[in-house]
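Below is the structure I would like to discuss, written out as structure tokens.
In this document, chain identifiers A, B, C and D correspond to the written order of the chains, with residue numbering beginning at 1 in each.
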Amino acid sequence: MRAENYQQQSHPPSNQFELNFGPNHPGIEGNYALQVEVEGDVIVKARADGGYLHRGFEKLMEQRLWIQNISLVPRICVPDPSPMEVCYSMAIEEISGIEVPERAQWIRVLQLELSRIAAHLFTFGGHAATTGMYTPMYWGVADRDLILDLFEEFTGGRIYSIYNLPGGVRRELPDGFLDKVSEVIDYIESRLPEYDNLFFRNAVFIKRAKGVGVLTQEKSLEMGVTGPNLRATGLAFDLRRDDPYLVYDKLDFEVVVEEAGDAWARTLVRRQELLQSIRIVRQVVAALPDIGGELRAPIPNPLAWRVPAGESYARVESSKGELAYFVVSNGGEKPWRVHVRGPSAMHAVQVLEELVTGGRVEDVAQTMFSLDACPPEVDR
Amino acid sequence: MDTQIFTEISLSEILVELLLMPVIAFLVGLVMVLWMRKIGARVQRRIGPPLFQPLYDVVKLFGKKTQVSHGVVHDIGIVMAMGGYIAAETLLPVPGMNGIAVYGGIITLTYLMMIPSLGLALGVGQCANPNGSIGISRALTAMLAYDIPFVIIVFGVAFHHETTNLVEIITQQQQAGIASWGAVQNPLLALAGLATLQGMLGKQPFEIYIAPAEIATGPMVEMSGKYLGGLFVMQAFQLYTAAVLYVSLFLGGGESWFELLAKSFVVVSIPMMIAFVFPRYRTEDLVRLFWKWPVMIGLLGVAFVG
Amino acid sequence: MNLSQFEAWLADIDHRIAGVEVTASNLNKRRNRVDLPADKLVLFLEAVKGEASFVHLSAISCVDWIDDGEFELVYHLWSYELNQLISAHIRVSRDPGEYQSIYDLYRPAGFFERDIHEMYGLYFHGAPDMEKFILTEWNGIPPMRKEFDSEEFVEQNFSWQEYNPEWLKELVAEGGGVVIPCEEQRFSRSVATDHGIDQQHSNWSGCDVSSKLCRIDSKYRGGD
Amino acid sequence: MKEIKVENRREGNILSRVFDELNEFCRARSLFILHYCTGCGAIELPPVMTSRFDMERLGVQPMVTPRQADILLITGYVSIKTLKRVMLTYEQMGSPKYVIGICSCTVNGGMYWQSYATAKKLDEYMPVDLYIAGCMPRPEAIISGLRSLIRNIELGESNNWKKYYENYDYYLGNQQKLFGDEWQTPVDVIGEAEHYGLVGEGTYGEHTEILQRVQQPLKPLEMRL
């Protein structure tokens, strides 16, 4: 054989093989894939593979009217859809200079926080299920359903509420709704000790979660991690407090911080944020009856509305992290460009790849769920 | 007494028993599967499956049209997994039927109970699915982990009763009521036995080799149709075998079927109640745990065996 | 650096880096807009990261200004110390469609640049990974470019479910039902031209809308 | 209850007919759902599965790999990238298998009808047994959908999986249109159809010819030590 025809064949060692986590895999959140190379039990290389949930949202939004897109945006993050429509509305309001009436702002806060509680309850269940404990998932999803019932009552949709308009909210709260909210909130709070006993004080779970997927504060700043994952590394940063939108600056709540930065710390942050959200909802429920006024600022005929030319960057703290909409208008009937900065775009791709590498096969799913990655945000 | 047992049984009776014992074991095992799923449902605050669900599952799986086989060894593996337990049933004395228990004894039974795991390893190895390979290597590691305390316990019990004959062990326990039960005589061994039972059934926190979220149910990943049905049958046998063996070793077996079944269901409830409120350990934690506590307790128990 | 120092720093930046222009600044709303020539971006980012503590790259957005033949790249930067946002706008020519990566300054850029590359076809030199991520099964032109008509693609490649039950046929025969041919559906259909935004505007001005709505209405009423 | 059609039952002696009845009875009551969240409708599946609606009451439970599953739930839109994987999964499932299209997007593209990235009519690529429309359908709707599937199976009316074998050429043609002519899956559908006696008029055709031309035989996995 001539030298130039010789092709070197590399044989990886026999204990090294490829493993596909996803897209059809119970250890993956949603429809997402992670191709890992495993050496024994240790992962030497990981590569995220997205796009399974790609619908071309940004293209679709350029083809539809400003108002039509309100029903489109919640679909970008399914477990926590409310921040999407609020954020999109905020971006339009900023461009067109609409002042949102105060009552609408309080109602939006109520919606956002209920959605956050629902999303966190969902995440616990998923995280517990990746370590083999299914009971928290069964409990969490069932309790989350009570909040979905609330959503159904006041917005009409269980998951996708489509309740916001640029300029305010669509409808007044139903009669006696606030009492129901407090009832559900009280119930969920009374359930928390049971979750603690089952899940957060479970010795086996603590043993599994501690030290898994450690993000240092330095690294998370470098890689653009936001939200609960950033707070779990010891940096007290919350858009609700530090870049306040709506009426969050009038509300009393704490920014929860944990130091360790591992899966356990991230879960603990979410657990405590649940309490903070309950606290905020209580304040809103107490304050809402005294706040009167309009539900929405007057906007032009939405079917022929030309939002003035301009751009804005609206940010909201969703349950996953910093959610941002960059909206550009050229004065037309349809948005010229809407860029969705999903929080998971950061921690579900680069961060996940990095955290998983060097870890163990059994911790892949746990790492992903503890980061609370939401693939549709990545794919859009 | 020994000679009496040997002489009284005719060949035809033995043949009937050999046929009947696995069938009964299978049916009781199915009820145990249902029991397990019902307990899980109650813990998770829901209703759970209907009464005949395990039977529906098995019949449906065997009735699937396409049966994807990955080769002869794959077939043999499943047969071994089921056959190991079927053979084990004939060595487990139940009220009115001793099968061939008097000839086999507890040592043979211990060996037979390892065969299913080995059979599974053979069958899964043929599938060439990395998830399955990881799963089966974990399963074998787990087997290694719980078999050491298991052997110690078996040794301790045999030492206590001075025989390896299960029929003899049961008869000795039944002679003086509860006071002569293994659980009263050797509480430490019984305790270690409970931990081993959990591992043997592969329930959380020792569920590492199934682990749906990690390796997509490990050994079962490539099983379809009758292969999965075989594994469902195996699970029913497994629950029955483990529970009845525990009852025979520590709770005096059963003088009547009612007694035996009542005891077995109580025994099998314990690991199930634990299973639904715990996550799973990692492999190395599992091995460490099994070689530490059950082994230590078991050895202590052996030391106190009088 | 505190807020007043930042204000001074921002006022001074156009003297230090030629071409940088602070076009809008609202410290109370925490939004600042900066326009700069494309070749000064890295210089500006280094300054803004090193001197003014803007360590968080929130996003890189790409806007396709097809009529100008340019891509606008917007770098959104956030400072955890000042709680201020800077949006740095640059324009890159659409034609060769290439620019340089800022991955070595901001690691999140890796994701955004990869995304922009597959959605717009704008290549970033020096980026660690320009492979496809989302559109691995896509062979056409980058879909987010304005000249790509998504609807035309859909019409060519997919077919629609027929739904024409008997009761609907009867209704239509009587003159009822809402029958709007696809090309007349106003709110979703964009007129297919090269990039026919203008035509779209002229076609669908306000008065046109009402007349069309009326027509649909009359069709409704026809059924009674 | 509807009368059970006789021609649906396999002919033969009484014993085999009784056996078939039993088989169908059990099959209707034990359905394993493939745990694959293809789209956003999947968010309503956890409530269906868990404590509040508890689909285990119907004998339906999630399974993690296609080999073990009977039902393929397409929960919402399928992007083209997902559709490829869905096809692979569908072909790996053991028959009889059932496909349920949840959400409006599986019927006609739903609100993503303009999107370049999602497939519009699921029925073109695989035979669908049941649609549950809605965006997204409530858990109650999913449960009632499952119930009607159960009824159909019991009556022997849900035999759409046979269509895939009998009209393989049609389905393959649509797949090739979307994925290109090089498209092939590791499952030898024609071989299976021949083996199980399900060859129909539409099994062979121009598209299967293309497939046979471009198909590269699967190699056995390399064993390394």
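Here is the rule we use: a residue touches a chain if its C-beta (ideal position, glycine included) is under 8 Å from a C-beta of that chain, and two chains touch if they have at least 3 such contacts.
Computed from a predicted structure; not experimentally measured.
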- Message: Strictly by the touch rule at the top, which chains does chain A share as contacts with chain D?
- Response: B, C
- Among all other chains, pick the one whose mean CA position is farthest from the mean CA position of chain B. C
- Query: Of all the chains, which has the CA centre nearest the overall CA centre?
  - Reply: A
- Inter-chain centre distance, chain C versus chain D - centres from mean C-alpha coordinates, in Å: 38
- In angstrom, rounded to a whole number, how far apart do the mean CA points of chain A and chain B lie? 44
- So how far apart, in whole Å, are chain A and chain C when each is placed at the average of its C-alpha atoms? 22
- Numbers and ranges of chain B residues touching at least 2 other chains: 44-46, 212, 216
- Message: Using the touch definition from the top, which residues of chain C touch two or more other chains?
- Response: 135-137, 143, 148, 150-151, 188
- Using the touch rule from the top of the page, what residues of chain D touch 2 or more other chains? 35, 50-52, 64-65, 81, 114-117
- Item | Set of all touching chain pairs, with the criterion as stated earlier | A-B, A-C, A-D, B-D, C-D
- Note on the structure: Within the complex, chain A is touched by chain D residues 34-40, 42-44, 46-47, 49-52, 62, 64-66, 77, 79, 81-82, 85, 89, 111-112, 114-118, 135-136, 138, 224-225
- Message: Taking the touch rule as given, give the residues of chain A at its contact with chain B in the complex, in rising order.
- Response: 17-19, 25-27, 38, 41, 128-135, 138-139, 142, 198, 202, 204-205, 207-208, 360-362, 364-366
- Query: Which of the residues in chain B come into contact with chain D in the complex?
  - Reply: 37, 41, 44-50, 52-53, 55-57, 59-61, 63-68, 128, 212, 216-217, 220-225, 228
- chain D residues within the chain C interface of the complex: 80-81, 84, 107-109, 113-117, 119-121, 123-124, 177-179
- Item | In the complex, chain A residues that touch chain D | 11, 14, 23-26, 30-31, 51-56, 59-60, 63, 71-72, 75, 78-79, 122, 125, 137-139, 141-142, 144-145, 148, 158-160, 376, 379
